[in-house]
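Two complexes, one shared chain (chain A), two partners (chain B, chain C).
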Partner chain A sequence: MDMLILKKDSLKDFLSALSPDYALWAPVEKDGNTLFQPFVDWQNTLPDLTHQAAIIKQTIFPQTELLFSFDQNDQMQEPESGGAKQNILFGVRPCDARSFSLLDPVFKGDIPDPYYCARRNSAILIGIACTEPFANCFCTSVGGSPCGQEGLDLLCTDLGDRYLVAVLSEKGTELTNKTSSLFLPAPAEDLKQGADLAQHAARSMKRQVDLEGLTEKLSKMFEHPVWKKMTLKCIGCGICTYTCPTCYCFDIQDEPLAKKRGRRVRLWDSCMYKEYTLHASGHNPRPTRVERLKNRMYHKFKFNVDSYGTFGCVGCGRCITLCPVNEDLIDNLVAVKGAA
Partner chain B sequence: MMNPYLPVKATIAEIREETGGARPIKTFRVVPQNGHAFNQKPGQCAMVGILRVGESMISISSAPTQKGYLEFSIMKLGKVTSALHAYEVGETITIRGPYGNGFPIAEWKGKNIVTIGGGIGQAPLRPIVQYILDNRDDFGQFDIIYGARSASDLCYKAELFELEKRDDLKVHLSIDMAEPDWKRFVGFVPNNVLRIKPSPENTIAITCGPPVMIKYVIHNLLELGFSEQQIFTTLENRMKCGIGKCGRCNVANLYVCKDGPVFNYATLKGLPEF
Partner chain C sequence: MSVQKLKDEAARALGRKDVKYLIGYKKGSYGFRVSPAFIEPKEDIDQLIFSPLCNMSLVKYVMMEEALPSLTEQAMKPSKIALVARGCDSRAINLLIEEKGVPRDKLYIIGVSCQGVIDQRKIEARFPQVTESAEVVEDNGKYIITFHGQSHEVPKEELLADLCTVCQYPTPLIYDKLIGDKVAPRKPCYDEIKAFEALPVEERLAFWQQQFSKCVRCYACRNVCPLCYSTICSLDSLNPQWLRRSVDPSENFMFQIIRTFHLAGRCIGCGECERVCPMNLPLMKLNRKLEKDAKELFDYESGKDPKSKPLLTTFRPEDPQGFIL
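Entry: the complex of A and B
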């Protein structure tokens, strides 16, 4: 693996060199929020790498996506994919990069989803190591690492006035070769500083939870009173699912347009909503927030393990940070583990 | 890459009114356009849709041996099914599929078969009936147990009355409450099962109907000596994608659209939400 140095002064040159050939996405601060967005104004702004950006899954799995359109004669037309530039996602957190590895078996397995696969297969992920984990990060408790490399093509570690850049794939090599004049080989002291920072980061996780035995325990807890207690303050707003990088549930809706045209779109949906499972008959297999929150917990920590062998959670902590009523996933996991 | 979300157009060739009332059921015979072949197995489903309205997952109620068309028996209930009920012969709808696992009917060769249906629950069982009739020598004794609330709520009535006349199968129809002209059994379907007492010896029982009926039918089958492995049922849940991705039809880690709708009771019994 090549280890290179990119001066922070050269970041703008690096991004501008890539911008003609690729569609750049990066965390951009706007009105106090840092969101993953198309990064167009690379001359005047720099990506915001100081906050935990929301919501990276939209780069591969958009919140609203056209499946196909149809005209007044019901002739169906798939969206044109030709000519679309390859996406580069810059400033990807290691947990977010890992989240795509958890989405892959869903969208690529069995019957492949052509919309997801097209974006996912071409995307290039440039990571930024979390040398200072955020308040509710707990990636190390679910198999991740603040400076982890899984799913990334390049990983940048902030060394003050420069980035230590690990080249992790052929796509990564291609990018650094294209812009080779901006990169220097990393000297030994920078490699050591990078390794020290990674160690420090892993040690400075503010929150942790021991999940050993959790999945087995869940298999005997479906009727336990802990779920009702856990749900008392939940207002069912669904923000935990919208900001979750591994949540993928979607709805499909038809939108009639003028002149008898129309389009069929898919949109992010949330298992926290009553309508999500409501039958046409009025029957609802998950009628209250208790069943819905329980299903979400089971999906992340049991069903996903049963189906794919991993937790369906990367420990980013966004559901904790952004919950309006302080529903705390880690506290909830602790409650499950401690339940008699 | 094949686009699994893109439906094919199909023409409505025939519409039969099965039942009336507040929740009427119509059977739609549709012919896929441009010679599109479906190649479904008994028990599989399809997304039936109308552009600008949406799609609903509906079990295919015709058998694969009936070539060139598909039949769907659809209760008028929600947005899509209500729109479908306003459609007429000759109009175009959309279909995609087939989806789901279907019945493992090839493994049932040489066995006795009993289907136990209630209400519109006969729809996914009907392909089994047709399949067995088309391959009659492959199966042993064949019993069709089917009931509805009233005589006017029975689906496929003419067809079942015809089948009653045959001597290579037995049809046991019932309605919940007595009616002047009804000469057959009066009572709930699970009670009819106890009355008929199908022998568990080398037999497969398949049941579909309202959840409460399924519950008591299974209870009674177990009482008659059926093992869990000999009992199959089909489930339904709200669906959007039909291919195990949109999330909502799960029962534990299984998706009804992809891993079902047919489940063996031995599997189902261990699942928390069933």
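Entry: the complex of A and C
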């Protein structure tokens, strides 16, 4: 693994050197919130690397995906694949990079999903290490690390006026080779500083929860009163599921367009919505918020373990930070662990 | 306002035979968040708080209660919910009673005079990434904010929620018990709405298109609104499907226009929709425009009196009609 140094002054040159060949995405702050967006204005703005972007998964798994459009004469039209520039995601947090690894078995499993695979296989992930974890980060509790490398092609660690860049894959090597004039080999003291920062970051993770034995416990708790108690304050909105990097539920809808045309689209769905499990008969097997919140917890911490062998959670803390009513996943996990 | 008094009143309310539980505020799990507290009789009332951080409305929880399956069960259980309500919340309650959304006798209202609450975004921008649950008290035009063993003083106006700076009804209008003295109303001000109205229509359209293109349709604004309580919401309806599920600027526009218009003459200005939005949409700009119109055209403010009638259910021959095409 190569370790290189990129001066912060050269970041703009690095991004601009890549921009003709790649479609660049980065966290950008606008109107007081930071979103992962196509990064076009690289001449005038720099990516916002101080906040947590509200959502990341739309870069590979868009909220609304046009599958095809059609008209009344059975003429079907597939969307153009749009020039197929490779996506570079710059400023990806280690937990978010891991989240794509958790989505992979879902979309790249027995029946590969062509839409996801096309974006995922070509995407290049340039990470930024979390040397100062955010208030609700708990990646270390679910098997991650604030400076983890899983799923990344490059990982940048902020050393003040420069980045220590770990080259982690062939794709990463290709990028740094293309822009080799901007990189220097990392001296030993920078390597040590990077390692120290990683250690400091793991230690300064303020929120933690011990999940040992949780999955086994959940298998005996389906009817437990704890679920009702923790659901009382939930308002049933979709914030936790939409901002969650590992929530992947979707719906498929046919929609009318003007001029007797229509389209079939795939959309994010949310298990917090009443409509999510509503049967055509009118029956709803998850009639109240209690069953819905319980299902989300079970999916993340039991069903995902049963199906894919890992928790369906990377500990990014977004569902906690963005929940408007302080429905706190860590508190809820603690409540489940402590329930008699 | 004394928190001890609040606890005493809460204990008294929970001691009543007809109260099944109380909804109030408790410390949140981190930083500057508070959490709703649902307390049943004999449960710990010491967890109750009231502080400038109590910036969420609890009224919606009354409307979200799932009814017990049978009428016999409903009749056997105590029927009232005790609720801690600030000035704006009391207006929501008034309107709900007016609209027959909730019967008055279902509520036991503990009104609290409100000196205004802190805007979550402002305080988190000032003190980012605070994990420990902070304490905030108001003292003489300042907030004293304590966390990690350190106290910080910040002038009140720097952190006060924008809506609280123009609050007309800081003292609850309807209650069974009132805690705290009457608080003087602030001056109404629609300057920012007037300035926006003065912009050319293309500019306003472009502004909202840009804003609504960010909407992810999590429906938090609808779900948190104390006045959005339809059992079947047009946004959820599948047959007919009034609103396409595609998340694009056009459908998002439609969604937000439906939501806003449903609040015409009804919005009581608590600002919950804007507070909860994960995409920071300035939703109160729309709601306050409607509020201003209701005031100017009909001399009407919603939720002032539970015995009055909602604006859109009344007609007076002298009502202005110039906007009818």
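As a working rule, the second predicted complex is superposed on the first by the 338 of 340 C-alpha atoms of A that agree within 3 Å, B and C clash if a C-alpha of one lies under 4 Å from a C-alpha of the other, contacts with A are read in each partner's own complex, and residues count from 1 in each chain.
We take it that contacts are C-beta pairs under 8 Å (C-beta built on N, C-alpha and C of every residue); 3 or more make two chains touch, one makes a residue touch a chain.
All values derive from a computational prediction rather than experimental measurement.
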item: Partner chain(s) touched by A:C271 [first = chain B, second = chain C, both, neither]; value: first
item: Partner chain in contact with A:G213 - chain B first, chain C second, else both or neither; value: neither
item: First (chain B), second (chain C), both or neither touched by A:G338; value: neither
item: Touched partner set for A:P114, first chain B, second chain C, both or neither; value: first
item: First (chain B), second (chain C), both or neither touched by A:P20; value: neither
item: Which of chain B and chain C A:G309 touches, first, second, both or neither; value: neither
item: Contacts of A:D251 with chain B and chain C, given as first, second, both or neither; value: both
item: First, second, both or neither for A:I55, with chain B first and chain C second; value: second
item: Which of chain B and chain C A:P185 touches, first, second, both or neither; value: neither
item: Set intersection of chain A contacts, chain C complex versus chain B complex; value: 251, 253, 278
item: Complex contacts: residues of chain C adjacent to chain A; value: 28-31, 33-36, 38, 56, 60-61, 64, 66, 121, 128-131, 211, 214, 216-220, 222-224, 236, 238, 244-248, 275-276, 278-280
item: For the chain A and chain C complex, residues of the former touching the latter; value: 31-33, 35, 54-55, 63-64, 132, 134-136, 206-207, 232-233, 235-239, 242-243, 251, 253, 255, 265, 267-268, 270, 273-275, 278, 287-289, 320, 322, 324-326, 328, 330-331
item: Contacting residues of chain B [partner chain A, same complex]; value: 1-7, 9, 51-56, 77-79, 81, 92, 211, 236-238, 240-241, 243-248, 250-253, 258, 272-273
item: Of all residues in chain A, those that touch chain B in their complex; value: 67-68, 70, 74, 76, 78, 106-107, 110-114, 117-118, 222, 248-254, 256, 262, 264, 266, 269, 271, 276-281, 283, 285, 295, 298-299, 302-304, 306-307
